[in-house]
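Both complexes shown next keep chain A, but they swap its partner, so chain B is in the first and chain C is in the second.
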Partner chain A sequence: QHGRLKVKSTAQQEEQKRQEREKKLKIFVAVRDACFSKRKEGIWDDEALKLTQQVLSSNPDFATLWNYRKEILMHQETVKEKDEVQTIYGAELSFLESCLQTNPKSYGSWYHRGWVSSRMPKPDWARELTLCDRCLSLDERNFHCWDYRRMVVKMSGVSVDQELAFTDRLIGSNFSNYSSWHYRSTLLPLLHPESPEPPSPCLKPLLKEYELVQNAFFTDPNDQSAWFYYRWLLGRAEREDMISCVYVSRDEERVAVAFSRPVNSVGLLLVLDGQPQRVEWRSVHPRFKHSPLWICDLPPGTISDISYEHNLTVHWTEKHIHRDCALYTGRTESYCRDSAMDQELFRSELSVEKTSVLQSELQSCNQLQELEPLNKWCSLTIILLMRALDPLGYEKEMLAHFQTLREVDSMRSAYYSDLCSKFMIENTILKMEYAEVRVFSISDKNLTTLCHLDQLLLVTHINLSSNQLQRLPPQFAMLQCLEVLEADNNSIENLEGLYHLPKLEEVLLKNNKLIAAKHHQQSAMPLASCPKLKRLDLRGNPVTQIANVESELAELLPAVKDLLL
Partner chain B sequence: MGSQVKDVIIKPDAPTALMLDKHADYIAAYGSNKDNYEYTLSEYLRMSGMYWGLTVMDLMGQLQRMNREEITDFIKACQHECGGISASIGHDPHLLYTLSAVQILSLYDNVDAIDVDKVVEYVQGLQQEDGSFAGDKWGEIDTRFSFCAVATLSLLGKMDKINVDKAVEFILSCMNFDGGFGCRPGSESHAGQIYCCTGFLSLTGQLHQVNADLLGWWLCERQLSSGGLNGRPEKLPDVCYSWWVLASLKIIGRIHWINKAKLRAFILACQDEETGGFSDRPGDMVDPFHTLFGVAGLSLLGEERVKSVNPVLCMPEDVLQRIGLQPDLLS
Partner chain C sequence: MAAEELPSEFDVVILGTGLVESVVAAACSRVGQRVLHLDRRSYYAANWASFTFNGLLTWIQQHHESQSEEVQDRSSLLEEGEELIYLCNSDSASISNLQTHDFVQSQAPHTDGEEPETAQPQPPTAPSQSEPVRKKISYTHLVKEGRRFNIDLVSKLMFSRGSLVDLLIKSNVSRYAEFKNITRILTYRNGNTEQVPCSRADVFASRQLSVVEKRKLMRFLTSCVEETEEQQVYNGRPYLEFLRDQHLGDNLQHFLLHSIAMVTEDTPTEVGLTSTRHFLRSLGRYGNTPFLFPVYGLGEIPQCFCRMCAVFGGIYCLRHSVQCLLVDKNTNRCKGVIDSRGQRISCSHFVVEDGFVSAERKKVATPPRSISRAVLITDASILPSDSDQQVSMVTVPPIAAGSPSVTMVELCSATMTCAPGTYLVHLTCQSVGSAHEDLSPVVTRMFHTSESHDQDERPSVLWCLYFNMADGSAAQVEGHDLPSNVHMCSGPDGGLGHEHAITQAQSIFDKILPQEDFCPPAPNPEDIIYTEEETKKEGVEEEEEKETTKEGEEEEEEKTNEEEKETKKEKEEEEEETKPLKEE
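Here is the complex of A and B:
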């Protein structure tokens, strides 16, 4: 029950209402019982149609009675001539029309109409389309009607162009457009399927679409739907499936493989020097059955001798993709990866045409923002445009816009903080690659969350100090090469992610929120799984206030020579 | 911003304290007068109505006030020969009410009161070639029904009886440009469907297929100035979306993107101090449906006076622990 206002009334009004309802109830119960008993007796006649009609016209959600009507109609099909059946179904459609007028949002009515239309000897799809037009003109957001329209279009072969033109008309009439933009998002790919090779053949229609949306949000900057749709346009182009990195270590005799998206380990094959290896693949945590990172251990002695060269190939058999990695003599490790730029990890390659279009849109949005400084959609879109054009170049402006967003739309400040963190991490990855180092440093940047951890497989040193992190999530364990972790001055209360990190030697966690509580050992527990850990700084954490904490930690972590509390 | 944004205004005298006792009294008394107009007219969904009432009572620690035996007998009488279960006696079986019945019997740890194998057979028989599920033999397809199917089978421990891969394929074909999901391929995103689809993907171990950042943004944009949540853009807030939206956010690990304090205030304002129960928005008529989702929403927000609720199945966590069901959630 929705939207039923509670109204106070006099005792007399209450009594009158009560009597009316009692009467209505009596009638309802009588007719309902009559329907049920007729059905029980297997009667499929006009009287049954009349009775069910009485109930359904004001109670269209009474699904069982629609079922009964379907049974009756199916029976009529077997005993009446075709043109009589056509008439009967025609009458059914008229009845349904009145039901839909009373209650345009009943699943039962719409489904029954679709059922009738597809069974009629001669369905009139043009008429059905007109019905949809009328219904949508009353309520452009009625998803039942949109879904029915999609069925009609499918059954009668209306063209995609015609439907796009229909959405054009609705969007042009200027309010409550989300359903139309949504429909466009499903129609465009039918006309212009994307090809993986640039230049994309669907570029021209895409640019036209930018123009269309831009007009919408410049005309009415508070029209949410246009901004949502625009974000989609800016973000399209799915990444290719690929093996993004293979890493080999002689010390642990281990191979780590990073993929462009989470995958299942079934069908992963490791070939060493031409020989397929029988290995067990594992993700960084047993509960991850799909993971962007998979690890396997080689039998002891396979690659440990530094005087031998080895050639490895990882096969992702499902996708017919493989990646090679050579482990040279004298080297303790080896890796092979595409850069984030090559992978189009954080943004797609832009053609000259597209770049100039986006640049002029950025200009226009900046102008709009001067007129409407409180419009958060505009600020967010400016950020997205800057990310698309030049993520590193616009870093400063981006931070300023995020500050604006947190002020103007404070309810969603947690979202903006996380999104900003994500973009700062992306920028740091890009900078790290330009510098060709394996050090990831993002200190004092108001980081509230960690992401893209699957991109940090090769990182040896990470500095996350002076941020607002609350945990090192399980995915942190993807940093298989990590030797030094600096994370002082955060709000970390959970170290789940420091799990079986084979090279981790130094962990600095001063001034965090590692707690005492009943499981004070559990806070530090994951560290026990890191075999090379030698230095641990836990000063300024609540856990250090516990009696006996020093001896308990020494017992938990016997190899740690430098324990600072 | 957005002077034309649809929303409600919470009056200064709206309730601010949680009145659990009043809500328990409201539910306990609901349906006791079988001559009530609304009650009779909602017979077509009675099984779900019972699930809403019993679950909220259990969440409030008041399940013992309800009549376990009467309810169990009623459910038995609603199981048809085909194995499916109807909303009420004399009505036709349907996946919606089959799920509600199995949920109720799970609360009572009495699933064997019905023929479980027949239920599984009924659910199995409704899966279509494209992986989708019809709601009943008449063939309506909807992602809600995919959720009902896997939720039912998960509670019974029989997920292996359907083609899970195909079912997943169908759900993914319903993913939209905004990261959300609709009823069928091509249908507009809607919070109710998003709840069903993220719940489905959780139960089938496929949450990694969700674009959590994109969908999380769409979901957190459901929060309006009043603090309440709507179901899709440009619609009014409604307490039931405190469940559909919030649970979805919890499943994809983004519940902190909502302003919890403002939402809590909205939910509390939807209480009726006089009658007990919650309505869709402040000042409207209450019903068990909105009462469950108001209380369940508060539980997800951390209300200590209410039991922990599972965001995937909308049932008390301790019930699922007893069954041994722990659906994945994104972190």
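Here is the complex of A and C:
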């Protein structure tokens, strides 16, 4: 057409590009081979530096060549003056900068930069820090740069205050930045080491953090990063390692020891009446190598005579702690423990100030909830705050919030149900301990899972009826004192946890989903391992539909007198 | 082009180098039209131009001595069946009420002497003794540093998703300029200048909003992007009423009405929402505010399009005008033009800036609307912050009933529009009275002038200029008493964005070349094939054009050399953080 410009067609452009690529490839291969042969010959000269530079500048992820460069540079260190070495390393840094421009996420370049910086006679850390800041301003999520930056900060001794200000800046420009929030969570404990006395100076910075993170989640309540950081801020104190309970039973000649966290049995020592005992520690189920509960059998006859008093001590040599337990005359069992209440197990350790802080945090979250009734992060945080403040007092509100959560975030409804179950079990444990009984009853509460079973070591009667449980997990075997299990009207199809329960006499499993005994020998009928089982109710389970199930069960469980099918 | 004769045949002749004319020129040239682009003035961009400080003083001077050239009779050049339409040769009608003040202690002559009689005389007040010590910059200094200024006659900003930015990207014209983000949006309220939180990061960082307000604001901003039935209920009712019913509180209502929607209290809801959406759509594309500003000033933009036109063969002549149009009596179409040298040039379309069309042929809104403008050079930012290189957009709601709402743009030296240590402040509003009447109340409130005697922290005005400019949106595209192939372009409108100009340019282009694409992407220079064989095949005509192409490019070179070479080097040293426009 008249007067039009002629423009190369895409095919022409492609062809041109292809030719250029081929030419480049030829050069690349030639230079690469030259580098390899030089390395083989052990030549560490300037030319080798030039050649490797040529290849690396087009492909900065060529680790072998970076290594070759390291060899060359280390060789130069030995033959050249200090000033010259400094210049060489300086040149290396500017070369690396150009590599980072081609690929800001090159592992090879960042790693080599770290190596150079740490070897340089007079490293210019300020310059490195500026470089990192520039990179992060281009891509705040470049984790290579974050890594390198941490190294620079460490080497140059940048103060924690300055670093905190740095995260302030990054969060200010875009608060959806996990890296920065996380970095804060590592800096704050350094800046304000948790000191028990006096607690007040720690409060002010904490309040400032709450304010900062609140600004973020009020601005955008759907942004997760702020909520996660908030949860870290609210986080509970680490629980100290301890032996929470020692239980001894005369009949079984057995000792059970509960710990504040899962441990292995290394370093456990049992002393009976001043005599160290040679015993074999085992967990309650072969599946657990780590467990919060360990048991051992005493040599037969050591404590069986009821007219003797015995003094037991369990030593946890690894942590230099121990716990005593006395078994008095005439008693068949004894225990010594800290209850969940004593340990404040299910809530943070709160000072009076912190309680008031959390109270006001709860208020602002409620305020946000009013504005954003469908925000799941807000509801969940409210639940956590309520748990920390008063788990029993807020039970009703908590259940309502869980209901909202299941509705607005139906994809995770099972997660919320499990979490709700966990909190309900915690509450029931607290109630049980207030009442000072050994009966644990939590029926008709929509439980979907069982947890905290290590806390139920002493329970003799448990009622789990009318929930939505599908299994009695292996942890259930921690209920070493259990005599009666009521679990009617659930969906239980797996009895794995009813494993070697020494005192279990009665098991009520009406209207569950237990199937054929034979096919599920492993999972359905570990009951055979419970020596004292006398009464078993399996009415309303699919298993009862099987022909000659009665005889099969009788064969499997000869001790059971009362079998209801 | 000296005394050289111009070719006598073109497809499109364009008179005036304002934004609309320049875009039309680029668009026509890009699709192969032979374009002759003329301007009577000695500078590009007409009322869209930017001037150095000294250049602006000359411009002011020129407007005071309105020169009228003698109209030469060209009827001797008429052929049979033709008649002449004379164009007017003075465009000064679009500018009125010019007056300047300088408030710096100096021995330099005051420019006030040049005030026209029509303007309210503002006798230069003697510099008072109480003036703050920080005032160190003298008038001589301003003149000496004059080349560092690029003072725009119009004050506009580019919406990041506005039609100008889209056009710059689409056409690749963006490669000829660099841009900076407006870094913050401010508003004047209860006697204070406050930052308006509009982006997510701003809202997060804002100290004046409570967390609940933050939530409400964010929620409003996210929700109003979508049209809802709830909003429709408010159609025809004031936007302010709609905002009130959202329970937003006074703070947020102010921000949303004046700074984000940038409308008045009685603007209907649907209009308010549309402009809120326009604002929000532009947010976050290039930064924390929705606006961009071209480095070296807005006058760059028309020039970029001219450059594009020249690259594709357009011929440029400044100080060269068209005296009259040759009209075919039978068809009432313009056959060609007679230029200021008496040369007859034939063309199929003639595009003209409205200032050259005599008033009786134009159809304009009555009463004629105009824009009030003020340009200030100050010594400090109206809201000092950590960085002294902020570029701020400030909305000033009416300070009294009946006064206009004022848009203010404060530019720092990083935009290459003012000397380091100074700020360039543009004020714009729809005229109610003269520029001085409309804007000086705002100036005296927000700045320290020698008229305001109280000592304070406000920035001092070193020099200022007031003038009125005809509102380009008052001129209509249709209905003028002109041949059908003569297209009139209006000057700058009062709006903040460039929508009016770009829409007009496109509609003119569509009338000239209804089948053609408007500003398709220009190819990369390396992809253009120049083969002699092909040009020969297509004949002599083509070869001629080749030459003109060259000339065009030379012309373009000339332009760059003349206007930019001297200052460019110094400028480049200070440059930083300029952003090339790219499609994301």
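Observations, loosely collected:
Here is the rule we go by: the second predicted complex is superposed on the first by the 509 of 565 C-alpha atoms of A that agree within 3 Å, B and C clash if a C-alpha of one lies under 4 Å from a C-alpha of the other, contacts with A are read in each partner's own complex, and residues count from 1 in each chain.
Here is the rule we go by: a residue touches a chain if its C-beta (ideal position, glycine included) is under 8 Å from a C-beta of that chain, and two chains touch if they have at least 3 such contacts.
Given the structure is predicted, the values throughout are model-derived calculations rather than measurements.
Once chain A of one complex is fitted onto chain A of the other, the partner contacts of A:K289 are limited to chain B, with no touch recorded for chain C. Comparing chain B with chain C, the partner in contact with more residues of chain A is B. Once the two complexes are overlaid on the shared chain, A:P262 sits against chain B while remaining clear of chain C. Using the contact criterion defined above for the overlaid structures, shared-chain residue A:T87 touches neither chain B nor chain C, since it reaches no partner. In the superposition on chain A, A:S137 makes contact with neither chain B nor chain C.
By the touch criterion defined above, A:Q19 reaches neither chain B nor chain C.
By the touch criterion defined above, A:N215 lies against chain C but remains apart from chain B after alignment on the C-alpha atoms of chain A. In the superposition on chain A, the residues of chain A contacting both chain B and chain C are 1-6, 372. Across the interface of their complex, chain A is touched by residues 1-5, 35, 37-38, 40-41, 44-45, 86, 90-92, 94, 136, 138-140, 142, 176-178, 182-184, 186-190, 205-206, 208, 213-214, 216-218, 220-221, 223, 225, 232-235, 238, 254, 256-257, 259, 262, 272, 279-281, 283-285, 287, 289, 328, 331 of chain B. Chain A contributes residues 1-8, 13, 172-175, 214-216, 218-221, 364, 367-368, 371-372 to its touches with chain C in the complex. Within the complex formed with chain A, the residues of chain C that make contact are 31-34, 200-201, 203-205, 211-212, 214-216, 218-219, 312-313, 523, 527-529, 531, 534, 538, 542, 545.
By the touch criterion given at the top, residues 1-6, 21-22, 24-25, 28-29, 36, 59, 61-64, 67, 70, 107, 111, 115, 141, 143, 146-147, 150, 176, 178-179, 182-183, 185-186, 222, 224-225, 228-229, 232, 235, 261-262, 287, 289-290, 372, 374-376, 408, 410-412, 414-415, 418-419, 422, 473-475 of chain A touch chain B in their complex.
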